[in-house]
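In the two complexes below, subunit A is the common chain; its partner is subunit B in one and subunit C in the other.
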Partner chain A sequence: MNPAIEAPTIEYGTLAPLLVIFGAACIGVLVEAFAPRYLRKSIQVPLTLLSLAGAFALVLVQVLRGQVSTTASAMGAIAVDGPSLFIWGVILILSFVCVLLINDEGHFVASAASVPGSADEEEAERHDNGTGHTEVYPLVLFAVGGMLLFPAAHDLLMMFVALEVMSLPLYLLCGLARRRRLLSQEASMKYFLLGAFSSAFFLYGTAMVYGFAGTVSLPGINQAMAAGNTLDPLLLIGFALLGVGLLFKIGAAPFQAWKPDVYQGAPTPITALMASGTLVAAVGAVLRVFWVGLGNLDWEWRPVIWGVAALTMIVGSILAITQTEIKRMLAYSSIAHTGFLLVGVMATYGSAQQNAESLKAILFYLAIYGIATVGAFAVLTLVRDPGGEAGHLSRWAGLGKRAPVLSGVFAFFLLAFAGIPLTSGFMGKYAIFSAALNSGTQPGDSIGGWMAGLVVVGVVASAVAAFFYVRVIVLMFFSEPAADGPAIAAPSMGTVAVIAVSLLVTVGVGLYPESVLGVANDAASSLFIR
Partner chain B sequence: MESHIAEIVQHTGGVIGNSWLMIAFPLVGAFILLVFNRFTNRWGHLLGVAMSLASFVVAVLAFFELIGFGPEERRRAVHLFEFIPGMPGEPAMVDMGLLIDPLSISFALLITGVGSLIHIYSIGYMSHDEHRRRFFSYLNLFVAAMLLLVLADNYVGLFIGWEGVGLASYLLIGFWQFKPSAATAAKKAFVVNRVGDFGLLVGMFVIWTSFGTLAFKDLGAEVNGVQNGTTLAIGLLLLLGACGKSAQLPLQSWLLDAMEGPTPVSALIHAATMVTAGVYLVVRSGAFFFPEGSGAALAVSIVGAVTLLAGAIIGCAKDDIKKGLAGSTMSQIGYMMLGAGLGPAGYAFAIGHLITHGFFKANMFLGAGSVMHGMNDEVDMRKYGALRKFMPITFVTFFIGYLAIIGFPLLSGYFTKDGIIETAVHHQPILGWLAVLGAGITGFYMSRMVFMTFFGEKRWADDAHPHESPLVMTVPLMVLSLGSLGLGAYLVLNGTLYRFLSPAVGGDPAAAPEFHFVTTPGLATLALVAVGAAFAWMRYGRAEVPAVQPRGSFLTTFARRDLYGDALNESLFMRPGQWLTRLAVFFDNRGIDGIVNGLAAGIGGSSGRLRRIQTGFARTYALSIFIGAALLTGALLLVGNI
Partner chain C sequence: MSPWLPILMAVPVVGAIVVALLPKGSDKLAKQVTLLVSLLTLVLTGVMAAGFKPNGDRFQFVAEYNWIPSFGVKFGVGVDGVALVLIALSVVLVPIVVLASWHDADGVKTADGTLITPKRSVKTYFSLLLVLETMMIGVFAATDIFLFYVFFEAMLIPMYFMIGSYGGAQRSYAAVKFLLYSLFGGMLMLVAVIGLYFVAGKQTFMFPELVGAIQDPVTQKWLFAGFFIAFAIKAPLWPVHTWLPDAAAQAPAGAAVLLVGVLDKVGTFGMLRFCLELFPDAAKAFTMPIVVLSVISIIYGAIVAIGQTDMKRLIAYTSISHFGFIVLGVFAMSGVAQSGAALYMVNHGFATGALFLAAGFLIARRGSPFIADYGGVQKVAPLLAGFFLVAGLAGLSLPGLSSFVSEFMVMIGTYSSAAHGSGALTVAAIISAVAVILAAVYILWMIQRTMNGPTAEPVKAFKDLNAREVWVLAPLVALIIGFGFYPKPLLDVINPSVQQTLTNVDVPTSTIAEKGTGQ
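Right after this comes the complex of A and B.
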C-alpha cells in the first residue's frame, strides 16, 4: 500500500506576482509560435509591460493591505516576507524601465543563428527593419521571474532552480547584440561557461550541506547547526562552495572576472538589466543564505566575507582607473559597489534591531544604485558611432560642449555613483557605512574593530573610485571635442522616460532620502522569515 | 548686590509684536536694490531712504507703546520662529525672537534716526557717483543687520547681526575698490574684526556648554549671579569681540584706515552706530558676565581708559580731517567702555554718551564730508583754513558738535562725559583721573581741527572753490546739531535715562545718581579743556599753519604712526603669518602633494599591472574562480578550527 500523497498547499494570493510573470512569459512563447511576424512586437511589448506592471500592483496590494506573511509559502519553499516584497518591487520597477530601453530599435540582432558578416545576416536584416528577435521579451520575463524567485527561495534547491531560471535566459540575451556580434557572442559563451561552473559549485555545496543537516531548508540548516557541531568540515566546505556560487553571481572578487567582458559584449539594455535587476536579486539571495541559513555560523563566515568585501572594493575601484571602455569602466564600478554592499552584509552581529538597521541600509542601497545604473546605461545607448555605441572613452571627449544636457545628466549619475552629497549615492553609502560601524560597536562583537577597518577600506576605495568617475566628467566638459565625434541619437519616448525617471529618483532621494528610506525601513523591520 | 533687572514678558500683537518690520524694511530694500540691480538706478536711493524712514517710524511707535507699560514690564520678548530645532521631542536649542526693552529701543532709535538722516545726506553726497544705488543697498543692509544685532533676544541672533554689520562695513569701506588703499583698508578691517569675532564666537561656545542656553531671558537664572573662572573667561572672550568691533586696544588698527570709505559711511558705521556695538555687547551681558566689581568689568574699564588716551593722542597728530575724527571716535568709545565697566551706575552714562556721541560725531563727520564736498574731496586740513565764511551752515553746525565733544558746559557731551568721569573717579580713581587727562587732550585736538579748518589763513589748492553744500546735506547737519545741543541735558538731568534703562540693565531706579555741576573732577576737566583749547589756539589759530607737515618731535611721529600699532601688528602677526603661509605652501607642495601624487601613481601602476590578469580567456577566469573557491574553503576551515 502506498501512503496517500497529500496535495501541497499553494498560497496563490501571496505568490501571485511570480505567477503573473511566469504566466506572461509562457504566453509570450506561444505568441512567438503562433502570431505572424509583423504582429509579434505589437503583442509582446504591451504583454511584457502589462505583466510587469500587474505584478508590481500585486506586490503593492500585499504591502498596502499589511498582509505580509510571516510563514513560508508553498510548503516552506518560498518566503514572501518584507524584504522579499521590497526586492520584488525594486526588481519589477527596474525591469519595467529596462524593457522600455529594450523596446528601442537597433539593439538586437535580426537572426541570432546567422553567421556574422554572412549573406544570411544581410538577408535577415533586410526583412527585419530594426526590430530584431521578439523572443527577447519572453526571455526577459523568464529572467525576471527567476530574479523574483531567487531572493525569496526558502530552501537551497528552490534557490538553485531560481538561479538557473534567471541565468539561462540571460546567457542567451547576452549574445543577441545587433552590432559587434562576435564580441556579443563571446560574452554570451563566457558567461554561460563560467555561470555553469559556478552553478556546479553551488549545487555541490548544497549536497554537502544536506549531508550535514539532512535538509535543504534554510531554517532547517540553521537549527541543525544550533544542535550539532558547527565545526563539521562537511558543513564548512559545503558552505564555502555555496558561497562561491552566490559570490559569483554578485560579481565579488575573486569571482568578478566575467563582469567586464559580459557587460561590454551584451546589448546595452541587457547590461542595464544585469547590472541592476540581477545584482539586486543576487544580493537578496546572499542575504537570505548568510543571515537565515547560516545565522548561527556568523563567527566563521564573517572574517572570510570581510576579506572578500575588502578585496572586491579594492579590485573594483583600482582596476576601473585604467579602463578605456566606458561599459567596462561601469562594470568595474559595479564590482566596487558589490563590495560596498558586502560591507552591509557583514553588519549583522547583535540584536534583531541591528539586523533591521543593516538590512534597511542594504535595501535602500540596492534600490537607488539600481535605478541610477539603468539611467547611466540608458544615456550610453544614445551616444553612437557609425559602428554602434561610442564605447571608447576618447570618443566622449568634449561631449559636454555638443550635448550639454545629456552630458550633464550622465555627470550627475556618475556623481551619484561616487557618492557625492545631495545625490542618492551619498545617502546609500552613508547608510551602509554607519550601519557597519554601529554593528561593530555592539557589545560582544569580537570583530568590532575589524568592522571599522573595513569601513576605512570602503572609504578609501570610494575616494579612488571618485577619481575615475570625475575623470569622465572632466573629459566630457573640459576637453576639446573630437573632430568627428560621436552622434547623439534622437532618443525615443521610452528612453527619455527612463532617463528622466532615473534622474528624478536620484535627485529626489538625494534631497529627501526619507522617502525611500522609510519604505526600506518598513520592509526591513519585518526581517526575514526564519 | 541686589539686582533690579526686570523679568522679560512675552508679548504679542501691537507694534512691538510686529517689530520685526524694523529689520524687514531695510532688508527688503537691500534685497530689491541688489537683485533688480540697474533697473533701480533712477529711484534706488529714494527707496533706500524710504525703507530707513519706515524703520524709524516703527521704532518710534514701538518706543511709545513700550513706555505705555509700567517700568517693571518694559522688557517685551517677541517670539519669531524656532531657529535651531532640538532633538526630537525636546524644545528648540535656539529660538529666534526679538527683545524690545529700554536698552534695545534706545539703540534702535539711534540707528534708525541717525541712519535716516545719513541716508538723506547721502543723496546729495553721492549724487555724482555712478554706483549710488549700490551704496544705498549696502547702507540698507547695514541698518537691517545692526537692528538685528541690538534687537535679537539671544546671542546667536546678535552674532548674525554682528557678522552682518561686519560684512556691510567691509563692503562700504571698500566701496571705491578701484583705489588700492580702500581695498586694503576693507580687507584689514575684515581681518582684524575676525580676531574679535572669534572671541565672541568662542565665548558663545563656552556659554552654551556651561549654561546650555544662549537666550538672554534664561541666562539670568542659569548664571544666577555666580562668578567664577568660567564667567571670567566668558567675559574676557566677549570683551575681545567688543574690542574688535569697537576698535579698542589692541584691535584698534582698522578704524583709522576705515576712513577710506565714503564719508557718510564713516559717520554712520564708523562713528555713530556699528563701532558702539561692543559697548552694547558689554552692557547687554553686564548682568551675567560683567557685574560690578568683577575682574571682567575691571578689564573693560582698563581697556576703555587706555584706548581713550591712545585715541586722543593719535587725534592730536593727524592732518587728515577724517582720521583725526576717527582717533576721536576711538577715544570717545574708550569713555563708553570705561563707563560700561563700572556697573549699573556707569551704564546709564555710557549709553547716554553713546547716544549723544552718535549725534555730535555724526554731525561732525557729515560736516567734514560737507567741507570735502566743497573742497574737491581734499582731506588734508593743512590745505583748508578760513572756511567759516564760505560754508556758514557747515561751520555753525560743526562748531556746535565741537563744543559738545570737548564738554562745553550745558551741551550734550558735557553731561554724559562728565557723568562717566565722575562715576569713574568715584569707583576707579586712577582710571577716572586718566579720563580727566583725556578730556584735556580732547580739548586740544578738537580745537586744533576747528582752527585749522575754519579759522586762520586760506591755504587752499589752486583749483579749490569752496561753497556751501545743498540743503539735502545741510538739513541733516542742522537736525544733528540740535541733538548735540540739548540731548545730553534731557537724558542726564533728573536721571531720565538712568531710570528708563534700569529695568533692562539693573540699577535701583530710586537711587538715580544726581548730576553735580560743581565737583573736583568736573572743574579739573573744564580747566584742562580750557588749557588744551588755548594751546591749540596759540599753535594753530593765531600762528601760521605750515602747508607742509613739519617733521615734528618724537612724540608727534609716535602719534602720527598710530602709536606704532601697525608696526607692531606687522612685525608680530603679519610677517610671522606670511612665513607660516610660505611654510605651509612649501610643505603642501613637497610633502602632501608628493604623497598624493605618489599614491595616485602607485594606484595607477597597480591598476595597470592588475589589469593583465584580465586576459580575456574563459579558462583563466575559471582558474581564478577555482583558486578563489579553494581559498574560501581553506579560510573557512582555518577560521572554524582556530
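Right after this comes the complex of A and C.
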C-alpha cells in the first residue's frame, strides 16, 4: 500500500508579494498577445506600476503586523525573514522608480528584430511614436520577480532558478536600446555569454556541495559541515564555484569585466535597474549563501573574500579614473561600491547581536546606494545629443552654466557616491566601515588586524574614487561650455519624480539617517532564518 | 542646555537658504542680506561671549540632542576658551569678507576695463559663504567627535566651489588639489574616529567622556596618527603643505582669508583639542618628530616665501611658516607655548586676513598678482599702502602688533619647556628664531618692491581705497593694534582652557602663563 502523497504546504500570505509580481508578469504577456498595439502601453504601464505598488503594500502589511515568519516557507525553499522583507521593499521601490524612467519615450527600440540601419528599422520607427517594444514591461516584472526570489531562496536549487528568472529578461532588455543599437546588442551578447558561463559555475558548485552534504538546503549544508569534515575537497571546490557564480553577479573583481560594457550598452533605465535592483538582490543572495550556508566555514572563506574585496575596491576606483564615458565611469564606481559592500559581508563573527549590526549596515548601504544610483542615471537620461544621450565626458563641460539645477543635483549624487558628510553616502560608508572595524576589535578574532587593513584599503580607495567623481564636477562647473553642447531634454513628470525622490532620500538620510537605519535595524535584528 | 550655539549655527544657514531662493537679478539684495545675516551672527556671538565665564566649567553653552542613536552619535555642542575665541575669529572675519568680496562675483575688471574673471552667480557665492560660516561655527563648537568630523569634511565642499568657480586662471586645478589632499587626510581620520569609538567601548563620541578612555599606548599611537595626519594636511605642515599655495593663490581674496584664517586653524585646533587630550602618551612619544617637522615648516616656509613672485603665494608660504610656530607651540607641552599657540591662531587670522585683503585690493586694481607689476603704489594710493604696511608688519610680528605677543609666547614657552629635558626644545626654539629675520626679509622686500620706488606706469591710474575697502581693513587693523597692546582679554579666556588640556595630558601646570605678557 502506497503512502498518500501529502500536498506541499505553501504559505500564500507570506509569499504574496512574489506571487503578485509573477502573476502580473504573466498577465502582461497575455496583454502582449491579445491587446491591440495602440492599447498595450496604456494597459502595461498601470499594470506594472500597480503590481509593484501592490507587492510593496503586501510587504508593508507583513512588517507592520509584526508577522515576520521565523521558519522557511514553501517547504523550506524560500525564507521570508526580516532581511528578505527589507530587501524586497528596497527592490520594489527601486524597480517602481525605474519603471517610471522606462516609461519615458525614446529609450527602447521600435523593432528589436530589424537589422540596425536597415529599411525595416526605419519603417518600424515610423509606426511606433517612440514607445518601442511594450514587451519591456512584462520582462521587467519577471526580472523583478527573480530579484525578489534570489535573496530569499533558502536552498541552492531555488536560488539557481531565481538567478535565471532574474537574468534572462535582463539579457534581453540590455539589447533593446533605441540608439547605438550595435553597442546595445553587443552588450546583450556579452552579458548573456558571460552570465550563462557564471550560471554554469553556480550550478556545478551546487552539485559539488550536494555531493558533500546530501542536501541543497542552506541550513542543511551548514549542519552537514558542523558534523563532517570541512576540508572535504567536494565542499571546498563546490563553495569556490558557488562563489564565482555569485561574485560574477555582483560584479566583484576579478569577475567585473562585463559591468562597464553592459552598463554602457544597455538602455539607461535598464542600466539603472541593474545597478540598483540587481545589485541589491545579488548582495542579498551572497549574504545568505555565505552567512547561512557557509556559516561554519568562515575560517576558509573570509581570507578569500578579503582579497576579493580589496581587489574590487582598488580595481573599481583606479580603472574609473581613465574612463571617458559617463556610464562606464558609473559602472566602475558601482564595482568600487561592490567592494565596500563586500567589506561588510566580511564583518561577521562574534555574537548574533554583532552580526545583526553588520547586517544592518549592509542593508542600510544597499538601500541608500540603490536610490542614489537610480537618481544619477535618471539625470543621465536628460542630457542628450542628437544621436542619443551625451555619454562622452567632454560633452558635459560647462553643463553647470546651461542647466545649473540639473548639474547641481548630479553633483550632489556624485558627492554622495564619494561619501562626503551630510549625504547619505557618508552614512552608508560609515556604517560599513564601523561594522568591519568592530568585528576586528572583538577578542578572539584572529584576523582583527586584517579587518583594519581592509578598512584602510577602503578609505584609500574612497579617496581615489573621490578624484573621478570630483572630475565630473570640475567639468560641469569649472569648465567653459562647449559651443554645441548637449541639449537638456524637458523631463517628463515621471523623471522629475524619480530625481526628486532620490534627491530627497539622499539629502534626508544624510541629515537624519536614523529614519532608514531604524527600519534596517528592525529588519536585521532577527537575522537570517537558519 | 543652552540654545546659544544651535541658534548661532542656524542663523547663517537660514540666511544662505534665503539668499539662494531670492529671485533672479536681485544680486544687490543678496549681498545686503548676506551682510546683514553675518552681522547678526557677529552680534549674537558677542552677546553669547559676554556670558562666558573664563574660570567656570570647561565647556559652556553646552547643548546635547540625540542625532543618530544607532551609531551612538549626539548633536553635542559646547565651547571652551580656545573654541570660543576661534568662533569669534570666524564670525568677525565673515562680514569683513562679505564686504571685501562685494564685487568678486560680478566679474573682475582691471583699471583699463579688461575683464579678468567673467561674471558668475552672485547668489551662489554668498550663500556658499553663509553655509561655510555655519560649518566654521559648528566645527569649533562640536563636542561630539562624529559631529566634528562631519563639519571637518563637509566644510571642504563650499570652499571647493568658492575656489573652483570664482578663482583665478588655475582655479580648477587648485580646487581639486585642495579637495583631494583634504579628503585623503579626512578618510584616514575617519578610520581613527571609528577605531576610537570601538576601542574606547563607551558607546559615545562625546569628547569629554572619551578623554582618558584609551590606555593602551600602541593603540594610542595608531589612532593619534590617523587624527594627526588629517590635521597636518589641514594646518598644513611640511611636507603635506603643497596644496595651500595653489589654493590660496587661486581663491578669490575673500575665500583665501577664510581658508587660511579659519579653515586651516581647524587643523591646529584639532591637534590641541583631540590629538593631545585623547592620546596623551602618543602625543608625548611623537613630540620630537613633530617638533622637527614644525621647525622645518617654519624655516622652509619663510625661505620659500622670499623667493615668490606672486603676492598671494608669498602670503600663503608665510602662513606655512606661521603654522609651523603654532604646531611647535602646541607640542612644546608648556602652558606659555600652548597659550601662545592658541593666541597665534586668532592673531594670525586677523593679520594674514588683513594682508590677503590688502593684496586683493591691490590685485583688483591691476589685474596681476605679480610683485614685479607694481611699484610706487604709496604715491598714488597712500591709504592702501598704509594698511598694507601695517598688515605686513603684523605678519612679521613687529612688537606692538598682536602677532608679536603670540610668537614671543610660543618661542619663550618652547625655549624653557622642560618636556624633553635634553634641551631639544630649546634648540628648536633657537632655530625657529631665525624665521623672525627671514620674516622681515620677505615682508619688507615685498613692500619695498610694490609700494616704494618709482611709480610704474599702470599704477599711476590707481584710485586709493574707497569707503567700502576702508571699512574692510580698518576693523582688522584696529584689532591687530588693540590686541598687540592688550591681549589680556583673549588670554584670560584661553588660559584656563589650555590649563585643562595640560592637566589631561598630565603635564605639570606650574608652567602656565599667569597673566597676559608682551606689553
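Keep this in mind: the second predicted complex is superposed on the first by the 527 of 530 C-alpha atoms of A that agree within 3 Å, B and C clash if a C-alpha of one lies under 4 Å from a C-alpha of the other, contacts with A are read in each partner's own complex, and residues count from 1 in each chain.
Here, a residue touches a chain if its C-beta (ideal position, glycine included) is under 8 Å from a C-beta of that chain, and two chains touch if they have at least 3 such contacts.
All values derive from a computational prediction rather than experimental measurement.
Participant: Look at A:Ile321 in the shared chain and tell me whether it touches subunit B only, subunit C only, both, or neither; answer first, second, both or neither.
Facilitator: first
Participant: Determine, under the contact definition given at the top, whether A:Pro260 touches first (subunit B), second (subunit C), both, or neither.
Facilitator: first
Participant: Touching A:Val456 in the superposition: subunit B (first), subunit C (second), both, neither?
Facilitator: A:Val456 contacts subunit C only, not subunit B.
Participant: Who does A:Phe197 touch here: subunit B (first), subunit C (second), both, or neither?
Facilitator: Once the two structures are laid over each other on A, A:Phe197 reaches subunit B alone.
Participant: Who does A:Phe248 touch here: subunit B (first), subunit C (second), both, or neither?
Facilitator: So A:Phe248 only meets subunit B here.
Participant: Thinking of the overlay built on chain A, is A:Gly117 touched by subunit B (first), by subunit C (second), by both, or by neither?
Facilitator: In the superposition, A:Gly117 touches no partner, neither subunit B nor subunit C.
Participant: Look at A:Leu236 in the shared chain and tell me whether it touches subunit B only, subunit C only, both, or neither; answer first, second, both or neither.
Facilitator: The answer is first: A:Leu236 touches subunit B but not subunit C.
Participant: Starting from the residues of subunit A touching subunit B, keep only those that also touch subunit C in the other complex, and list them.
Facilitator: Shared contact residues on subunit A (touching subunit B in one complex, subunit C in the other): 467.
Participant: Going by the contact rule set out above, which residues of subunit B touch subunit A in the complex?
Facilitator: 600, 603-604, 606-608, 610-611, 613-614, 616, 618, 620-622, 624-625, 627-629, 631-633, 635-637, 639-641
Participant: In the complex, go through subunit A and note every residue touching subunit C.
Facilitator: Per the touch definition, subunit A meets subunit C at residues 360, 404, 415, 418, 420-422, 426-427, 430-431, 433-434, 437-438, 441, 452, 455-456, 459-460, 462-463, 466-467, 470-471, 474, 477-479, 512-514, 517-518, 521.
Participant: Would you pull the subunit C residues touching subunit A in the complex into a rising list?
Facilitator: 67-71, 121, 149-151, 153-154, 156-157, 160-161, 164-165, 171-172, 175-176, 179-180, 183-184, 187-188, 190-191, 194-195, 197-199
Participant: Given the complex with subunit B, which residues does subunit A contribute to the contact?
Facilitator: These residues of subunit A touch subunit B: 189-190, 193-194, 197-198, 201, 230-231, 233, 236-237, 239-241, 243-244, 248, 253-255, 257-258, 260-261, 299-301, 303-304, 307-308, 315, 318-323, 464, 467.
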